[in-house]
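Working notes for the structure below.
When the chains are written out, they are named A, B, C, D and E in that same order, and each has its own residue count from 1.
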Amino acid sequence: MKKNNFSTDQTVPLDVPLDKRAHYLKNLHTLTKDTGRLFIFAGDQRVEHLNDDFYGENISLDDANPEHLFKIASMARIGGFATQLGNIARYGSHYPNIPYLVKLNSKTNLVPFSEQDPYSAAWYDVREVVAFAKSSKLNILGVGYTVYIGSKFETAMLHEAARIVLEAHRHGLVVILWMYPRGQAVTNPKNAHLIAGAVNVGASLGADFVKINEPEPVTDSGLKEIISAGGRTGILFAGGQARSLDEVLNSIYLHVNRFGAAGAALGRNIHQRSTTEAIALANAVAGIIYDGHAPETVRRLLIKE
Amino acid sequence: MKKNNFSTDQTVPLDVPLDKRAHYLKNLHTLTKDTGRLFIFAGDQRVEHLNDDFYGENISLDDANPEHLFKIASMARIGGFATQLGNIARYGSHYPNIPYLVKLNSKTNLVPFSEQDPYSAAWYDVREVVAFAKSSKLNILGVGYTVYIGSKFETAMLHEAARIVLEAHRHGLVVILWMYPRGQAVTNPKNAHLIAGAVNVGASLGADFVKINEPEPVTDSGLKEIISAGGRTGILFAGGQARSLDEVLNSIYLHVNRFGAAGAALGRNIHQRSTTEAIALANAVAGIIYDGHAPETVRRLLIKE
Amino acid sequence: MKKNNFSTDQTVPLDVPLDKRAHYLKNLHTLTKDTGRLFIFAGDQRVEHLNDDFYGENISLDDANPEHLFKIASMARIGGFATQLGNIARYGSHYPNIPYLVKLNSKTNLVPFSEQDPYSAAWYDVREVVAFAKSSKLNILGVGYTVYIGSKFETAMLHEAARIVLEAHRHGLVVILWMYPRGQAVTNPKNAHLIAGAVNVGASLGADFVKINEPEPVTDSGLKEIISAGGRTGILFAGGQARSLDEVLNSIYLHVNRFGAAGAALGRNIHQRSTTEAIALANAVAGIIYDGHAPETVRRLLIKE
Amino acid sequence: MKKNNFSTDQTVPLDVPLDKRAHYLKNLHTLTKDTGRLFIFAGDQRVEHLNDDFYGENISLDDANPEHLFKIASMARIGGFATQLGNIARYGSHYPNIPYLVKLNSKTNLVPFSEQDPYSAAWYDVREVVAFAKSSKLNILGVGYTVYIGSKFETAMLHEAARIVLEAHRHGLVVILWMYPRGQAVTNPKNAHLIAGAVNVGASLGADFVKINEPEPVTDSGLKEIISAGGRTGILFAGGQARSLDEVLNSIYLHVNRFGAAGAALGRNIHQRSTTEAIALANAVAGIIYDGHAPETVRRLLIKE
Amino acid sequence: MKKNNFSTDQTVPLDVPLDKRAHYLKNLHTLTKDTGRLFIFAGDQRVEHLNDDFYGENISLDDANPEHLFKIASMARIGGFATQLGNIARYGSHYPNIPYLVKLNSKTNLVPFSEQDPYSAAWYDVREVVAFAKSSKLNILGVGYTVYIGSKFETAMLHEAARIVLEAHRHGLVVILWMYPRGQAVTNPKNAHLIAGAVNVGASLGADFVKINEPEPVTDSGLKEIISAGGRTGILFAGGQARSLDEVLNSIYLHVNRFGAAGAALGRNIHQRSTTEAIALANAVAGIIYDGHAPETVRRLLIKE
């Protein structure tokens, strides 16, 4: 399998100061398990989607309790678990081994985009995250932040994202930017050319990885344009709405092994299952991303209760 | 009765630094009287509802004087008395024994939601509260802050709430978030699924307790979804509009003893009565919340002038 | 006459630190002439009403010159003279004996409320006022700030007012809040119940005194509700539009001696007269407020040119 | 001729600290040439009016080059040359002898008032100007700032103006406020009573001089009301649109010698002429303002190419 | 050929402190290759135009990869390469010899001007750029910032631009301002008189160079008015949309050698070609700007694959 070239010093961006390079590389190698690839377990939807993703039809009752996410994150072979700092502070002492990513901003879905373009400010400065990491002794490897390009509030988020990257790198943390075209001016957020543009913005902001949605329709030229736009910045595809196990595994394999994406970020597709099923699925995904296995190889790991 | 597990170190959130854990636990144990449950006497309506709750038909004349609240708070068996710092500064020297909670933000009800989505900024930084606590030697155990999710100004309040939690925990203070869905985008703020979402947001912000409204209608599945969403974060139900004594006591018992809520926050239901009646009612409520008594047991404490 | 209980230490709010209590009490005693009552000469209208109050029909030509206010304030028996710091800095060296109150915010009346809800930010931090007081050696006893509750910008002013009180008290200064319901959501700003609500807000913000408009109509129950809402916070009635001498004196007597208001704040009613007449009227008002005299007793002090 | 009373210490406003009084007086005496009067050469229109005032019909080609303003300012007998710091930094090393005033805020005229009320934030803090003055060794005597009263953004500009005065005085700099009623709520910005109100606001903000437009129509009572409102604050009339030489000289003489204005601020009327003509006109104006000469006396200084 | 007079100390603006003059002059001489002229390779469009300029018809596939820009910048004879700091941090260690300019603000083109006037805040403070330059040891010679005059948000950008110039000069960095009239109030952004006004604003802000669009139509009088407005501030014309090689070379020659412009800033015209062609074109442009060659002289450098 193709390996991203994270193995030498040259891959450390220059806004990481000399005395933080080792720390940055350690964080990066932990997240990528030395492969240059990354599998994020996304657990920030309790704010973004309120209780819709956690309670209802076709959702395991396990998911009604916030601790469910921590159980999965602590037992499955993920690269990083992204959630809000408040959750990490509350459950972290029981789950000290999780590789944490602090999602810095979140908003609810109550105000529709037709009423107001989205704006989501960071809840914390990176320095506060660094202080928390030090004081809690938890394994905080990086931070995440969502940018809605195309929103009328775009400039505030670009400004904040740029400073988050600079400050996080200054402290040796890895940065993932969620890059989403959104707002009344955005009529087709799944357009591949537009998503490639979103990658451009995330890369220009200095992100180590950008998380984007899969384009619709999925075409070879579209995926190629997107991955190419990333350059040395890793591309992570979001899992999106719940799909069949086969669809999930096949699409990750396509992105990563055929087109050179850096990995995936999955939330609902994992946590809406029972703890056991969720862990099994996460491990199967890890087999594709970190080991380069084919879907048919990892499918044996799955459990269907 | 069921006891919340606040008895060990592991219940202290990790954003409380090591040297403030003892202080945090002392504050928590004072508020919860070592039960893990909490009864708040809410006295911040003089701003929120102007003089509507304090003067008029069916309201004791005792309530026309702001000192009424302090008399009740100092003599009844409450967990914490939440009001604005200005009131505490003015009356605190005469009522030094009250367990105080500083309500950090407040707004009037003059601008209707149909005219403008609500926004209520904190009046003080937590550091100012900490300095006041030290200088005044009063018993300030924690802080409260209201978040209106669904408001167009939601992101400013989420940002402020997150920082308040972090800063309060940094100083060993307990945090209660008032979580209310409000604004033109919110058509049914009493919907149980939405309230569970509000709990999610408050928990993700790192609150120790979230104060919410009781859903309408009250259903078993709704209450279960809400309490479950809290996880290790305590759920407090607000008292709401004035109700009969029986209704008040029965509903608290239902929430706390049948569904595992952490407690209640009552204002009008208590302070619109004469000082004597109010203290008696508060003591009855304390009997349910802190001692696990049934309504019929505590009803003998009530006084009806 | 009834005396407010400002004579003991217990009346010092607890946000005044121990080492500033003596300074605060000295300021308070100077303003209230040891009676607990307060007579403010309000001289901030040059911004609020531009030149309307100072030049025109029925206005003495003396009032066309800004120094007129300082002449009155230096020679009449007032408690405090409230005006903008820029004026104090310009004329203060010639009028060093005046008991000054710095009015921190002001706005013009050019934009009608129907076009935009009012918002008036503080021109200075309290710390700058404290530095000015020290450097100028002037007699700065306190600060004033206007809050427009009901304005869409209310939350910004509540936030600023709360911090001004805290900071002023921290430095031993007395605080007067001008509490005015204003904005498109306020249809009846002179309603007694609403004014009582404004008092609640000012008291909750920690003001030592709140300045309000007289309700319309003036009823016993309305005045009683308002004064009662103040609690330990003093109520000052504004003078409002120019009225006859008898009306002015009678209404102050009614407020203070019959209902227990702390005093009055007069501007136009005084300064639109010639310097000699203005001083005489101010002294008559002082006789009612500070000495408890009846209007008929002080009327002999008046001069009518 | 009448002399303003700037000759004693008492004229120094009290927000100038003791150790900066000598510096303030030196700046004031340089600007006023010991007469208490002031002639400003206004050179900030390159932003305010873009290139309209500098290139076109009836404008000397000399005015197309930004250095033209500096040539005039360095050779004519002006009191102060007001322009943006960027220009001063660029040309200052070649024109070190000019008495400079830094105009702190400027906006273009592209957005019409019917589209948006004007708002113009300061480009620099006064402290940055002070640092620049020290580092450049240029002769920076004071600062200027425009306030648009009546704009919906008025409160931001009042706040900023007040702080600029305080900070400038703290460093011994003289302050001139451009006071202009503007915005959709202002239907008659040239009304004398309104301009007197603008003077009130500027004086209350603590300005040493306020620059205003001449009222329309020009009446004795209007000019008297305006000058009287200034009190100890000097009144400067703006030159406005290009006029005949006689009109310019006569109107300055009227303002200063008949009504007691402190002086004038001229821009276009001077710089749209050739360098030689412009210098001659400026010297004639200086003769009226600083020497009290009559227009017919100074007219011999003029050059008409 | 005409040389700009950058050879003596007097050309250093006075906001560059004494101890940074040598550093400023070194940066300026590197950018201008001691000619006083400047050729910028503009590489900030990945945000401004998303992926439109980098992938599609008539665009070399080389341009799909972000590293393409760095290859050109490192091998062609440019004066400065302007791009976002995030890109520089990511690729800088492989391209340490490039003369970098950090473009401080950028926005996407998703929100049309008809929906909202443009506003683009700086992503970084200049101090952060300075810290990055020091820590990365890269060759950061200056900064760039775009100002949209005529936008309803103009005042925020003027404020920010002024402070960027001051801070950059304080650290010895060269400043280029992109000056673009934009917004609903701007009906003809290519009008020469308006562009001359934009130059006025950029010069008054203290820029060393202003980058503007070529006026339409291109007339002698228009170009003369624009260049004259610059005075000692250098004028750079933007390349704009892709044009024929002859058009590109001829227009630069016209601007620089006939009218005295300081140079040009080209992006798309260069980078949409293959790496080899792009480098050849850039070298031809450098021949005109830096050596004063005629288009026919440099045309032999071109490569057409």
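Convention: contacts are C-beta pairs under 8 Å (C-beta built on N, C-alpha and C of every residue); 3 or more make two chains touch, one makes a residue touch a chain.
What you see is a predicted model; the values in this text were computed from it and never measured.
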Original post:
Which contact partners do chain A and chain C have in common?
Top reply: B
**OP:** Would you pick out the chains that touch chain B and also touch chain E?
**Re:** A
Original post:
Taking shared residue numbers divided by all residue numbers at the interface, is the value for chain C and chain D over half (same) or under half (different)?
Top reply: different
**OP:** Please report how far chain B has to rotate so that its Cα atoms sit on those of chain D, a copy of the same sequence, as a value between 0 and 180° in steps of 5.
**Re:** 145
Original post:
Hey, how far is the Cα centre of chain D from the one of chain E, in Å?
Top reply: 35
Subject >> For chain A paired with chain D, centre-to-centre distance based on mean C-alpha positions, whole Å >> reply: 57
Original post:
Listing for chain A: what residues touch at least two other chains?
Top reply: none
Original post:
Which of line, ring, star, complete and other names the graph you get from chains that touch?
Top reply: ring
Subject >> Contacting residues of chain B [partner chain A, same complex] >> reply: 10, 12-15, 17-18, 149-152, 154-156, 158-159, 162-163, 165-166, 169, 181, 183-186, 193-194, 196-201, 203-207, 225, 228-233
Original post:
Which bits of chain B are touching chain C when the two form their complex?
Top reply: 44, 46-47, 50-52, 54-55, 64-67, 83-94, 105-108, 110-112, 115-116, 119-124, 128, 132, 135-136, 138
